[in-house]
Amino acid sequence: MSKYLIRRLIMILPVIIGVSLVVFFMVRAIPGDPAQALAGERADEETVAMIRARFGLDQPLPVQYWVFISNALQGDLGRSTRTRRPVAAEIAEMFPNTIKLATAAMAVAVVVGVSAGILSAVKKDTWVDNLSMFIALFGVSMPVFWLGLMLMLVFSVRLNWLPTAGMGTWAHFILPAITLGMSSAAIMARMTRSSMLEVLRQDYIRTARSKGLAEFRIVNKHALKNALIPVVTVLGLQFGTLLGGSVLTETVFAWPGIGRMMVESIMARDYPVVQGAVLTVSLTFIVMNLIVDVLYVYLDPAIKYD
Amino acid sequence: MWERIISRQTRDVWKRLFRRKSAVLGLAIIVGFLILAVLAPYLNLHSHIRGDFRMVLQAPQAGHWLGTDEMGRDLLSRMIWGSRISLTIGVISVIIGAAVGVPVGAISGYYGGKVDIIVQRFIDIMLAFPGILLAIILVSVLGVGLNNVMIAVGVVSIPKYARLVRGTVLQLKERDFVSAAKAIGRSDAAVVFRHIVPNCMGPILVQSTLLIASSILWAAGLSFLGLGAQPPTPEWGTILSRGRDYLMVAPHISTFPGIAIMLVVLGFNLLGDGLRDALDPLDPRT
Amino acid sequence: MRRVGWLFLAVLLVLSMGSSVAARDTLIIAQGTDAVTLDAHHSTDSPTSTVTEHISETLFELTPEGEIVPLLADSFDVSEDGLVWDLHLKQGIQFHDGTPFNAEAVKYNIDRILDPDESVTFRFLLTEIIETEVVDEYTVRFVTEKPFAPILAHLTHTSISMQSPSAIEDYGEDYGDIVSIGTGPFEFSEWRRGSEVTLVRNENYWGEQPAYERLVFQAVPEGGARMMMVQSGDADVAVRVPPHDIERLEADQDVDIVMTPSLRTIYVAFNVTMEPFTDPLVRQAVNHAVDKEAIVEFILGGVGQPVDAPVAPDVFGHEPIKKYEYDPDRAMELLAEAGFEDGFETKLYSPSGRYMQDIQIAEAIQSMLADVNIDAEIVTLEWSTYLDVTGLPQEESEAPMLMLGWGTVTGDADYGLYALFHTSEHVPDGSNRSFYSNERVDQLLDEARTNPDEDFRREAYLEAMSLIMEEAPWLFLHVERQVTAVRSDVHGLVVHPAERLQAAGVTFE
């Protein structure tokens, strides 16, 4: 196990280097540069050249990459070309907001998804099952940003119950969390249902039933724990997906998170911020996956890694 | 002989597919939009390009069943013309993804060893990169427009195909018919593309159907961020996105394209689910 | 029943939070975006300048009426040859950190802006200054190489604000991030990135003290959301009212709609070196083919006015010169005269979401041009790419028609004409994206720049603008108007034509 863990940890490095290369060269392949984005309509070549020089953008690309990656390994992600703040500070400020939102969304997904899944499995082939699975399919079929707009339209514009945008009180969390969590909830519901059905077919459940145990107890005591093992995996993977998916939700709800920051930085050609943010999100994603894998082994002793 | 077996299998699959109500519903939705898309030029619609300034932001009413947009254009005609675009985006981007992902996955799985390791690292990198950002950056590099949206969304789906095909190939390559083909001296390429890949078709088909659904969503997301179709193209995601500015006064502009996107995506998801079950009779969900 | 009761309670709770009345010692302004930096020298956009100008002040001020008046300066003398400017400063003013405001401080600021290593975007405003000298404690001298008439106008620009030299020295690169120190009516208090900046009243302000304590700028990108905030009282002021929301908000008794002229002109530049736009007849034809009145009325909801000169009416030097009336028949005649009776195909480049309703305007132009057989394909690019593509030198240029806006923020025609029409300013050296070139116009613009005599300058600009209007290197569109939603109990807010808000004089009813 520990050997496996070490091997997996070592594998992170080349992937992260790969991600850094991809993001570094791709953002620079986009037409336009930070200097021009700053100077706006009024662009004279002198100013543009000055700004480029200031951020080292006049250096050859391999040199720039080397500077970037060697500093990054020491925790220095450079300074934003737009705000001139340290990128690390920008990320430290925005990333927790995204994590908070993703966690809230995850909570929505788990509560709604798992309970719908269990209900469906227990009431298999009844209208309850059909309805909740149909709703789940709608959940994965909706464009997130549209769901966000519609929720905003109903609950903020028409009913004026909830704030439209921004981040402040707990009330600000409700709509974005539902929006972001919806498709994960749907996936969790389907996952829980099928995993639950599989478990309910197992011998030991049959035994329990034949002993005349109440259905509720069977589900609660025996089936649930085993059924949730694959659900935990999905949960971990979904969390990573949520981090990426936050881009659109944050844009709709003006959430000051890393997703919106990345989009804005791409638009402003703020290379250091794009690089730093993408590295952070990727690393989080990789580590999440690793944790999920380890957790999986822990929960299900039948799986062995050599 | 082979052909007869395959056709019998196909028939069975169809039969099983049609037994599932949800799959039929999915297919019906898709066919419905397909018919609208094909018939768009013959439906005697209002112009979807040319607006009437005196009719801006009208709510749904007789003559304009879905209302008008901020340029005074009939939303229904724009939506119908838009169905062509969304279906095309879904299909083309999936073809792009499969065209690269399938051979890469097949080669990686078949040869194993160093090739596999290298390919796997590339796939890891692509999967670790937040997908929507990869798409945003790609479109920014290539330029705003539908063709580039399709390419970007297609590229993002490459690793998904590669993973899937690699896994299936790993299972298949130990099977008898593969060893037999190798034994009679078929070249590697022939073995992979004549014998192995055709046998992966089931999972690929399922994956593609589901990916069409998600590709349409991704493309709509890019349009939402202003990276989609060039105006005045009536792409649904773009209409939806522009309608945002009129949410207070004309909410119908954003509402209807959202419903349309959801329906089409739902159609492909239902069909994909149905196909998966039909192709795998042992699946517990059937 | 009990559950219904709970739900009701929850709803009440939410409702009460939504409509809580903001305490009247605070003014909340909802802007479209967050400040980018609080270092005034590096501010390049209106929302940022709106924040920084409450913290730090300029030497001169451009009043909303278009007059240039001293602010931190007290008076000035200019030498007879127009090369030496002596500025006498107001005395006894301190920066928020206690640093005295004096000639040293001014020199420090000007030197910093001109320092190439500092790469200040608006450095070009001052590049005519070759030397800054401290004459005595409260007198600072600028020396220019050539006479430079618009210098005072340039000194009104918010990025030429005076900031505390000691703070800039102490904080280095972190200045403008964790600290921002000026002489203004408000001091920087807190910045929650992506959401809001809070300022507090400067209790030692040299001028008139603000009547309230806290000034908060919130970033709310969605127009609809901003409007809801001001309607519900969560914000006192919301900028950039979406045109089609105006009517609805005017019906709201708690909200006033304030319309203010803007200095920003929206235009479509023709690449005059590219067929068929090399022919002035074709350019004039396009000007006649597009109905600007209709664009303003239907697409901008009346928020704007068709232009009658290359610069906005409130700019020094503006004269109403001419309007190209909407006349498709005339357009067809002109096209026929130019040999294009069957029209032609072209491309119309347009940014998306940069200017009010820009895509909609492009679509309207497209359909109006279709009426005179001009088939214009719209190309939208996201903003940074757009700048790149439209900034290519003449031989690489690929955009025959491109939509842009230009805010003459100094309120002086020099800023609005020189960079856009002078031959030396062809992109990428300057901002002349139509590659327009006319010797007489060049000469007039040069003379008006170096001659401080106001009447002379007006004459020169009139002639130059008449030539430009006649030769039509642009499709002249409209001047934007700023629409701001303000709670009706808020008085004294100034919406500046340079697209900034001045809130220091606000009182609550």
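To keep things simple, chains are lettered A, B and C as they appear, and every chain counts its residues starting from 1.
As a working rule, a contact is a pair of C-beta atoms (placed from the backbone, for glycine too) under 8 Å apart; a residue touches a chain by one contact, two chains touch by 3 or more.
This structure is a prediction, so every number in the text was calculated from the model and none was measured.
**Q** From chain B, which chain is the farthest off, judged by mean CA positions?
**A** Centroid comparison gives C as the farthest chain from chain B.
**Q** Looking at A-B and B-C, which one has the bigger number of contacting C-beta pairs?
**A** The greater number of contacts lies at A-B.
**Q** CA centre of chain A versus CA centre of chain C: separation in Å?
**A** Centre-to-centre distance between chain A and chain C: 38 Å.
**Q** Find the geometric centre of each of chain A and chain B from their Cα atoms only, then give the gap between the two centres in Å, rounded to an integer.
**A** Centres of chain A and chain B (C-alpha means) sit 22 Å apart.
**Q** State, to the nearest whole Å, the distance from the C-alpha centre of chain B to the C-alpha centre of chain C.
**A** Spacing between the chain centres: roughly 44 Å.
**Q** Any chance you could list the residues of chain C touching two or more other chains?
**A** Chain C, residues with two or more chain partners: 222, 224, 228, 382, 385.
**Q** Of all residues in chain A, which are in touch with two or more distinct other chains?
**A** 30-31, 152, 157
**Q** Taking each residue of chain B in turn, which ones touch at least two of the other chains?
**A** Residue numbers touching two or more other chains: 140, 143, 244, 247-248.
**Q** Write out the stretch or stretches of chain C touching chain A in their complex.
**A** Of all residues in chain C, those touching chain A are 11, 14-15, 17-18, 34, 36-37, 39, 42, 44-45, 116-119, 121, 123-124, 173, 176-177, 192-195, 218-222, 224-225, 228-229, 232, 234, 382-389, 391, 404-406, 419, 425, 427-431.
**Q** Under the definition above, what is the set of chain C residues touching chain B in their complex?
**A** 222-224, 227-228, 242, 244-245, 248, 294, 297-299, 350, 352-353, 359-360, 362-364, 366-367, 370, 377-382, 385
**Q** Which stretch or stretches of chain A touch chain B in the complex?
**A** 11, 14-16, 18-19, 22-23, 26-27, 29-31, 134, 137-138, 140-147, 149-150, 152-153, 157, 194, 197-198, 201, 243-245, 247-248, 251, 262-263, 266, 274, 278, 281-282, 285-286
**Q** Can you list the residues on chain A that touch chain C in the complex?
**A** Listed in rising order, the residues are 30-33, 36-48, 50-51, 53-54, 79, 82-85, 89-90, 93-94, 97, 152, 156-157, 160-169, 171, 252, 254, 256-257, 260-261, 267-269.
**Q** Chain C touches which residues of chain B in the complex?
**A** Chain B reaches chain C through residues 49-51, 53, 56-57, 70-72, 140, 143-144, 226-227, 230-232, 242, 244-250.
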